[in-house]
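Take a look at the structures below.
Common to both upcoming complexes is chain A, partnered first by chain B, then by chain C.
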Partner chain A sequence: MPAARKLEGRRAESPPRPAVPRRRRPSLSGPYGFLVPLFLLLIGWAAVKGGFGLADDVVASPGQVAGALWALVETGVLPAFVSVSMGRLVLGALLAAAVGLPVGLLLGLTRYGALMFEPFLRFLQAVSGIAWLPLAIIWFGFTDRTILVVIVYTAAIPVIFNTMTGVRTVPPVYAQAVSTLGGGRLRTLWNVYLPGALPGIVVGLRLGIGYGWRALIAGEMLAGKSGLGFLIFDARRFHVIDTIMAGMVVIGLLYLVVDRMIFGALERLTVRRWGVLR
Partner chain B sequence: MDSAVEITLEDVGHAFTDDRGGAVRALDGVDLTVRDGEFVTVVGPSGCGKSTLLKAIAGLLRPTEGSVRCGGREVTGPGHDRGMVFQDLAILPWRTVRRNIGHGLEIQGVPRAERERRVAQFVELMNLTGFEDRYPHELSGGMKQRVAVARTWAAEPPVILMDEPFAAVDAQTRLTLQAELLRVSLLTTHTLVFITHNTEEAVFLGDRVVVMSRRPGRIKEIVDIPVPRADRRLPELLGEPGVRERADHILRLVREEVG
Partner chain C sequence: MTATPGTSRTPLRIRLLPLVPFAGLLLAWALAGWLLRPSPATLPQVSAVAETLAELAASGELWEHVAASMGRWSLAIVAGVLTGVGLGLAAGLNRTVGAMVEPLATFFTAISGIVWLPLAIVWFGIGTETVVFIIWNSVFFLVFANTVLGVRSVPPVYDDAVRTLGGTQRHVVIQVVLPGALPYIVSGLRSGFGFAWRALIAAEIIGATAGLGAMIYRAAEFLRSDVIVAGNIVIGLLGLAIDLLVLVPLERRTVRRWGLVTEGGRA
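So, the complex of A and B:
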């Protein structure tokens, strides 16, 4: 009898079956997957610091960094700088998309556009946004505009590149089919090339934002008076190791969040549903 | 919109330069009139310029010689009066079945309610019920071809051009699709030109079968199939008097060109 009651009790306690089937296996690419290497990093970090007897003004301990992080949040410095940096990233990404999408589409659609401009684009890509900083500082001074120029430049190139490639991978027969349905150029652009290039555009924006984020940190370090890059570069002057390292952690984490939230959602909504990514 | 029109080709020839810089003559002196409401199939060895011929009618290609007229007007480019079903991959992967079939109507500016009604009609006609909101990658090869056929039919062009639309599906599905196409071809009047390299398919579907020579493609012979489309049963058609002989004759003609 007790056994039966136990069974009954268990049945009563078990949660109702979810209407939507749960994910079949725990995802290793999700947040849990991230925790494993993070944990290993923390152990390695503490071991290196302890093992080599590194002083606190060379490498801070994980605990000290956590403390610095908390202090930065409590004083309001971190929230303020995060919002400044994120604001620059968003504006920079929007401008880069506004420039990169039309240029990429145009180059992809003209027969010789891509052939002519590809080497030039590679040249521009090699002269990274950071290499433009000296000129940008001379032209625009130590201002937000300098930082923005560097972000837009850096982010626009992969957007142009991948949009162009995306357009060129669209089978011409799709456009022919739409033209036999009576569709004109604008219709073909809108119904064929834009959606067809979308996987490329998503990749371009993703890379652009990734590169743009790095350029932004560099720009803020050299030309900024606020933001996360400024935070870690300024902390160097006072040798505040724990703050520098806390800032680095935030830079990495913020990027992860942005990438996951924006592009994870975008890919699920469009590209994967069409079966283009398989 | 579904009043069929006549297609006239006069001395159509086409030459182009291939990737290695060699001059290629794809078509030579093709004279052909496809009467309004007629279903003409074109058969010939691969590389004989069948597709070039069809593209010239579609306006996707300007032939270097001769003239192509459709409904009395010179063909200068593609238009919705000449719908086309392509061999593969021409339905848009980012549109559901419903939105693919309704695409031509959308382009023509047909109001949503009317569009939905006509799409529903073709979904049923082409046995696609239950798959309206699926994307092409979720469909079998045969279903994709049905969507492609439905998309072209739904736009109701007076002329429908088909470029080996069933070449990529298995034999059983192919027979089903051919029977469906025969049935659909009788619902509304279109002028139909259907390219194939399969002589049996050409006989099954065509009122007349145009046999082409190997490159440069010329018309070798035009063979009438004496059974009206409305009376055809597939594949029993081949047993009807006069059909077997004609099918064998067509096969011989094509074999001569291949051999």
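So, the complex of A and C:
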């Protein structure tokens, strides 16, 4: 039948796997592609607020939020809180990396390390840093240290997990090659496992910062006297919705900046450039 | 002779390895309690926690909290998955909708979860609605993003195939797009379930009076570290159970069975 024969012909020279499916990312999603949706969102938001006549202590209008944002900047509250929060995050991330990387490497390199520790790590992750907040409050009170401890705990786990996985994906033949060329353990670690595990490590750090960011906000809500989490949580007591929403916007933007620009750039500079990504 | 973990020939020794860190922690904890003699508020003794756990279980208080937590979690998960997959399909299939929605989804993912807590408390007060909203928030954006990714990853040649055989858009969606997007969706579910569990606890600590999170937070006020540790053990075990008992079988039955993912890749 003609139809069958036609299909036969097509299969013979079957098209290559499409690198980009037809439903590809349209150009609207270029670097400025977010402007149109943002604009529509603002309009929709203002319309809902005005149209339904929602009270000011339920939802704030875009204008009110902008006003609150300006007030926060002007009084210096926002810059101060942003730097406090970011400071905690950065410190927490550094400590988490300092703990997580060696542990992850160790677990990945030993034969049964990963197998032995994976359920345990999953258990610790299920408990989640925030669940340790009450205990941390008993130990350290409502201080910076409490928040820091929670951030480090929360961020270290993905770092360990992903470093471990990253190390394990390195084909052993490379380590063997270095061995045959006379290299010792340290050289194998430096020249084979670290670069090889780099994609995993970067993913782990990225996730760690993401989870740590949430732990930071939660910690500041509960145990902080400063910072963005504290800002939005405290504002709720006075029902100043515009401040709460302004704070949320700042938190979101800050996270996007850290995640996309810093980690995106980091990934581009290291992993992709060294061709470690398959 | 090294055995492949997970096969039926794995020696018992290897299968029990995962218990070692737990045992080690327990041992270290017991030793610390015995040697350092910390105050009960700082580090409760292993025996104290065990007793408290038994007490809470016997009095039924533990089960009340567990029920409250699991109820909220289940409800929010179902809502989050249905809305996430539904909207994700819509956004993935329609180019314009996708382009419109995606940047917004990215931003809202950045603030998903507990960042909404103050607003949620203003809107719903302290209690179940707030907790469910926060969890839904956490799950929805994750599942949505993964669904969109999954839908986009399906090569269009399959849609065309179904259409040439006379299928309608409905057939395309149900028989091509959904199964094709499934690995991504299931992967999203797997992360989402864990996320949801953690968001649940966080939301309950700050925004509820019942549930495991609320239980451990109240204990802090009375310096009952034993309750906190007991509660955390339950939280951890439940979370672990969810991961192992719900998701691995789910994955096995859908994604692997339909041959959409090759064995050997770590999820």
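Just so we're on the same page, the second predicted complex is superposed on the first by the 241 of 278 C-alpha atoms of A that agree within 3 Å, B and C clash if a C-alpha of one lies under 4 Å from a C-alpha of the other, contacts with A are read in each partner's own complex, and residues count from 1 in each chain.
Following the convention adopted for this analysis, contacts are C-beta pairs under 8 Å (C-beta built on N, C-alpha and C of every residue); 3 or more make two chains touch, one makes a residue touch a chain.
Bear in mind the structure is a predicted one, so any value in this text is a computation, not a measurement.
> First (chain B), second (chain C), both or neither: which does A:74 touch?
neither
> With the two complexes superposed on chain A, say which partner A:214 touches: chain B (first), chain C (second), both, or neither.
second
> Which partner does A:173 contact after superposing on A: first (chain B), second (chain C), both, neither?
The first partner, chain B, only.
> Thinking of the overlay built on chain A, is A:236 touched by chain B (first), by chain C (second), by both, or by neither?
So A:236 only meets chain C here.
> Residues of chain A touched: more by chain B or chain C?
Per-residue touch count on chain A favours C.
> By the touch definition at the top of the document, which applies to A:192: first (chain B), second (chain C), both, or neither?
After superposition on chain A, A:192 lies in contact with chain B alone.
> For A:118, decide between first (touching chain B), second (touching chain C), both and neither.
second
> Which chain A residues contact chain B in one complex and chain C in the other?
Touching chain B and chain C on chain A: no residues.
> Which part of chain C faces chain A closely enough to touch in the complex?
Residues 2, 5, 14, 17-18, 20-22, 25, 41-42, 92-93, 95-96, 98-104, 106-108, 110-111, 113-119, 121-123, 151-157, 194, 197-198, 201-202, 205-206, 213, 216-217, 219-220, 223, 225, 228-229, 231-232, 235-240, 242-244, 266 of chain C touch chain A in their complex.
> If we count contacts the way the header does, which residues on chain A are in touch with chain B in the complex?
My answer: residues 171, 173-174, 176-183, 187, 191-192, 195-196, 198, 270, 273-276, 278.
> Provide the residue numbers of chain A that touch chain C in the complex, in ascending order.
Of all residues in chain A, those touching chain C are 15, 17-18, 21-24, 26, 28-29, 33-34, 36-38, 40-41, 57-58, 111-112, 115-120, 122-128, 130-135, 137-139, 165, 214, 217-218, 221-222, 232-233, 235-236, 239, 241, 244-245, 248, 251-253, 255-256, 259.
> Spell out the part of chain B that touches chain A in their complex, as residue ranges.
Per the touch definition, chain B meets chain A at residues 58, 60, 77-80, 82-84, 86, 88-94, 103-104, 107-108, 135-138, 151-152, 155, 161.
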